């Protein structure tokens, strides 16, 4: 199979993730978009590991997974704390800081 | 297929290990010492000792370093004079940051006593009354510091991503822990986190693309493949551009700067101080290494990007800072402008820049830490007479020079250093930074930089005007209180002494910086 | 050898620190301390002047070079040629006079201490900048002195003082920072190394035409703001109107000379070809300054603004003399720098005395004072006449040297500039008429005449102008060689190379 | 005594300085010190004169360098004095007339509280005047030139508590400054083309310079002369200058300073020698002023202003003579000397009249004073006869020579200049007689509270001496062409040209015109009563009363545009230049306000900004990579 397809798929995934960040108001969904972007990268890493015959890429994907998990922990903590204060997690809440 | 087990030279990692170790001990301390005051004391001592020791060890390493340095963990990490210089600087910033973390006035520090409860709730009030303290801030800060120090040694794109997260994640949390204006603080944390994660993801995607092109994640490997390949595949270029985004984000460069003002304003001031100085330094260090080691072959392609970003950063930072009315936000925009000045040096792709950038960051970081230390001392008084949040509205600083002459004088000194007035560290920093650029023929960039500096002076000076030349309205005697906590005073003293010393007799430090202008591939 | 210059630089700074460190109970002593140190400085400078060898006035005497920041090529290099010596003498002469003139300006001992401390700090920088033999050091002084000045304007001034201080600072910084780019580029064009900023190492560089011009423009821009040239002058009237006359005296009489001093000691020798290239444009602006400044001076209602605009006009003459590239004209300009310092300094001080008496700087608030305060009137008139370059007083000699000396090189410009002679008479005499003649204005009948202290302030300046008016040779002998040096290095260095190619 | 000549400058200067510095302390003795200083100059002057007479004609130029003034360099100027017949003539004139006027002033200013200051200024003036004529270079001359201007300014404005007097002083100084531009320019030209500004070198180099250059220098010098000598078009200040005390008018604005322009032209003979067109301009200016002054003089009722107009006119004669070149130089100076005596005498006479009439200056309020003020009447009468050019009084000898000289030459010039000069003699006779008759004859027109009386001896004695000079000086100097011969070392020997009309004819015609002028004045002002108020008059008279609209013209051409220009400049400086600066500042802030709107505080917009940035970066990199 043409590895280019994987690249295209990864790019699509990345774009979808980025679009989610841009368009969704819900903080959790936006965050999921970011996770999607990370996974797009994982796909690339694995693909290129295969194409280039460099095993490191696959290992790297694991590292990314771990980091993503840690990110989730921190991210959810922040979102939850905020949801307690504000009673919602909409990103379009009137902002305290701007300008 | 076998994965070779990496040979790790532990020696050069000692500064980082000290800080990481202290952070871990700190977590244990959280678990085992119940008494709040005792815990706090232990954490404070531990944090200060660890960062101090890290700085000393970094210097010792410098002394015993053989040759230019070495790879210490395969292709992943190197230790060279450049990284040691950065580590020393970062350890210093961390030490000063921890001093600010530990500072309390009237028994209260800048952090919320209980992060888990909602702002304004009875639990919060109770926690405050019982004198709870969120001592996790120290391990968190140490983790971030350790990540930053590690950041400067990284020579592999994926490791860079990992370390980026190591240093970022604790910061995301720290930003949200302000005692007062908690909503703002939490909002800042969320923004920082989302934007940071977003930027990391972009970076990672770029790194993956570059991996696809060069089949390597190590800087050396990437550089080799760039050198070998004559064609410039879009995949490589796109990957490189995306990677840069990640680091430019941390640096606070336009258009990846949007988080900066909000986070600087919302975060607890000690965190802002630490982050503004240290994160920017770490990002600059990593960016320099990435650009000069991995991407040097692409200098021709990358330069326009850096030029564009640098110009946009300097101009936007300056222009928007002029209209700010909040001290912390103003300093945030000023930090954006400074990121631009830093980029001016980096665009040169010359060895000089590697000496200029650490010096610049040292000068900038000292002034930043000092300035935020001052900010943390100027407080509002609530109507019931208790000490409130920081008085960050510009107007509240009117007449400070009369009420607290030394504090105001120190602030003026830091502002002058930001503005790059001679006999302050900021001037020498600007000088070496601009010189690197001019030597590379980038004088139009420098011209923009000097004009931006001149415009920037306007808002630094405006604050000085407020402090010294504007009489305070009488009600300020009631509503604005200048406190005298030890930690910020120490930070201020160190920062002021450093600012003057680096401005008047910068020679020894410049000499070290020159020696540090070496990267081990 | 005794390090005269370094001591001259350090002494006032130390005095300033001592003032600052005075305990609150001893602050009333700040005036005698400040005056004493300023006089000691003057005495030391006089000793130095006596030991100056006039026959070697083109060389930099009392020179010292110490490594300062070798990494960026900066040295602590000080030394004075004849021109630097005279300007330093001017600075250290005016400082005690300014202190004396403002003896009773502050009732508050704390404010007094701050004011005097800043004045002394400024004196330090003034000496430094005229002694600096290293471009980096020069630049440091150039920018760093803005800070004491900024506070002097902003803390001790009239209503608009904040605006004036910021305006002054931003103007100066814009110029200074542009110059910084030039300073850095100059080092790159030079030999580099740990002494790469020594002025002597930067002469006769072979730069590309474009580089030389760019660096020249960067330097000149800063100097043109300092030596307020139209259209970069507007900060001066604002500052003059607002700041204390003492501050303005030092600012206009000494510090603005940094602009013309820089043109002579840096622009001409370091960028000989670019200087010539730009000369026609610069001369046009210089002449525009002469006329424009004078016309505006005539139209002013505020005495301090008036004097400020006269300075714009006078600086135009100086710049004209510099960029005519003629020995006589340049010598005249250098001499004019000294004379303008004496004359305008005295004018600001005496205007300050008037303002002190009336509480207003508006010309319209005065009238008929000659009958009430004849000595003050006479003093004002003599000083005013020096400003219009009346023969017998030293400004005349320098003005005529510039006009006559520059004529062969810039005919049209000189002819236009000569019109300034008439305009100068207009602005001085009209002001004198409105302030001192006619019937005595109500409320001024009891105005006190000059006190002994005030006579001591203006006396030395008038004496200096009269003496230099009749025996200008004292100054001119030490200015000849520096002027010649600026011109001879102006012989295009790379024409020979171009021709041979 | 020649080597002591510098004392002539130094003594009065020192005296002035002492009196001024002494301030109030000098009130008692200041005037006597000043008189003594002035008298010293007479002694030294005469001593030097005697010594000079003892020298061969060719050696009568004593040059001494006092000290090096502007050293070295291209423009090297020594302060030196040059005593030659020309400057010696001035020294004698200034010292003698000056001293007489000093003495006169002791009485005239007796009741002024600032008398010592007045004398200091007078001393300052004569010092500067001596410097002017003794200087050996244009630059040093310029010092004296400005010095007399300053003294004139101070003395015109001596009573400047009156606003209009202060204005008059300013006007004098400023108009003089316009002339000074010419002198500076001339020096610049000399420096550029002749290589020096001292007389010796400049004159030596002059023959080698092109006509164009010399003409330019000549015209520049003429401009200077016009300013100082109140010649057209810079004449307007002289009338107003009468604001000063009358002795000042006599000394400065009649006898000495105003003739400095003539001195300048004559002194610059070697330059004018190569610039015939410049000389022509000098003559033309002289001729115009001569007529103009006369016309103004015919209409003035203010005795001092009438005398001032007369001075203008008489200096016009001198300029005309100087403009004729070497032929006229000696006559110009000759007339200058005689004029110095008779005009100073008449001014002092006018002062004496005012002294007796409570400072009344309106001649319509005089009348019949001849009997009440006999000394004044007689001395004034001698001056009157002298200025009329009635033989054998001194004016005859000098003025007639000028008229004759004006008739010398080719083409139209002798006719125009000659006839103008001759006509001027008639006009002079009319206006001077008018003045004389209105003051001393006819019925009394003063008010009852005035008690005309003769002035004290201290005033009348100087008047008598001057009157004696007016009577005989011309004869003495003209005898055997003594004066012309005396000046010859300076003016050069000239082949004597023949006038286009025969000399006796010229003389006769001139005397007829003079007689007509006197007769006309007699019929108008003696045989008929003089109205106390100005009668309605012809347009020309009205114009003359208003100084031929010189102030109106100056106002319209210079002053008004100047004021408008100043206002525009002041406005433009604030609005345009400073405005641009402030606009830049506020514009930057405005830009900041706009840009900060992008910082919405919304995470999603931040992300969008970032993505836009990513796209731009990609575009730059990928495009750059291609």
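All chains are identified by letter, namely A, B, C and D, in their written order; residue positions are counted from 1 within each chain.
In the analysis below, contacts are C-beta pairs under 8 Å (C-beta built on N, C-alpha and C of every residue); 3 or more make two chains touch, one makes a residue touch a chain.
The structure presented is a predicted model; accordingly, all values stated were derived computationally and were not measured.
**Q** Would you identify the chain whose Cα-based centre sits farthest away from the centre of chain B?
**A** Checked the centroid distances; the maximum from chain B is D.
**Q** Give the chain pair, either B-D or A-B, that is connected by more C-beta contacts.
**A** A-B
**Q** Taking each chain's centre as the mean of its C-alpha atoms, which one lies nearest the mean of all protein C-alpha atoms here?
**A** C
**Q** Starting from the mean Cα coordinates of chain A and chain B, work out the distance between those two points in Å.
**A** Chain centres of chain A and chain B, defined by C-alpha means, are spaced 25 Å apart.
**Q** Rounded to a whole Å, what is the gap between the Cα centroids of chain B and chain D?
**A** Between these chains, centre-to-centre, one finds 78 Å.
**Q** Using mean CA coordinates as chain centres, what's the gap between chain C and chain D in Å?
**A** Taking the mean C-alpha position of each chain, the two centres sit 37 Å apart.
**Q** Report the inter-chain centroid distance for chain A and chain D in whole angstrom, where each centroid is the mean of the CA atoms.
**A** The computed centroid separation for chain A versus chain D comes out at 95 Å.
**Q** For chain B, what residues touch not just one other chain but two or more?
**A** 190, 194, 198, 202, 261-262, 324, 458
**Q** Which residue numbers or ranges of chain D touch two or more of the other chains?
**A** 585, 596, 599, 601, 603, 607
**Q** Which chain A residues reach two or more other chains?
**A** Residue numbers touching two or more other chains: 18, 21, 30, 91, 95-99.
**Q** Which chains touch which?
**A** Pairs of chains that touch one another: A-B, A-D, B-C, B-D, C-D.
**Q** If we count contacts the way the header does, which residues on chain B are in touch with chain D in the complex?
**A** Chain B residues touching chain D: 190-191, 194-195, 198-199, 202, 232, 234, 237-238, 240-242, 244-245, 249, 254-256, 258-259, 261-262, 300-302, 304-305, 308-309, 316, 319-324, 455, 458.
**Q** Could you please specify the touching residues of chain D with respect to chain B in the complex?
**A** For chain D paired with chain B, touching residues are 585, 588-589, 591-593, 595-596, 599, 601, 603, 605-607, 609-610, 612-614, 616-618, 620-622, 624-626.
**Q** Touching chain D in the complex: which residues of chain C?
**A** 167, 170-171, 230-231, 233-234, 238, 292, 295-296, 298-300, 326-328, 331, 368, 370-371, 374-375, 378, 385, 390-392, 396-397, 400-401, 403-405, 407-408, 411, 414-415, 418-419, 421-422, 424-426, 429-430, 433, 436-440, 470-473, 476-477, 480
**Q** Using the touch rule from the top, collect the residues of chain D that touch chain C in their complex.
**A** 20, 23, 67-75, 79, 117, 139, 142-143, 145-147, 150, 153, 157, 160-163, 165-167, 169-170, 173-174, 177-178, 180-181, 184-185, 187-189, 191-192, 197, 565-567, 569-570, 573, 577-578, 580-581, 585
**Q** Provide the residue numbers of chain D that touch chain A in the complex, in ascending order.
**A** My answer: residues 596-597, 599-604, 607-608, 611.
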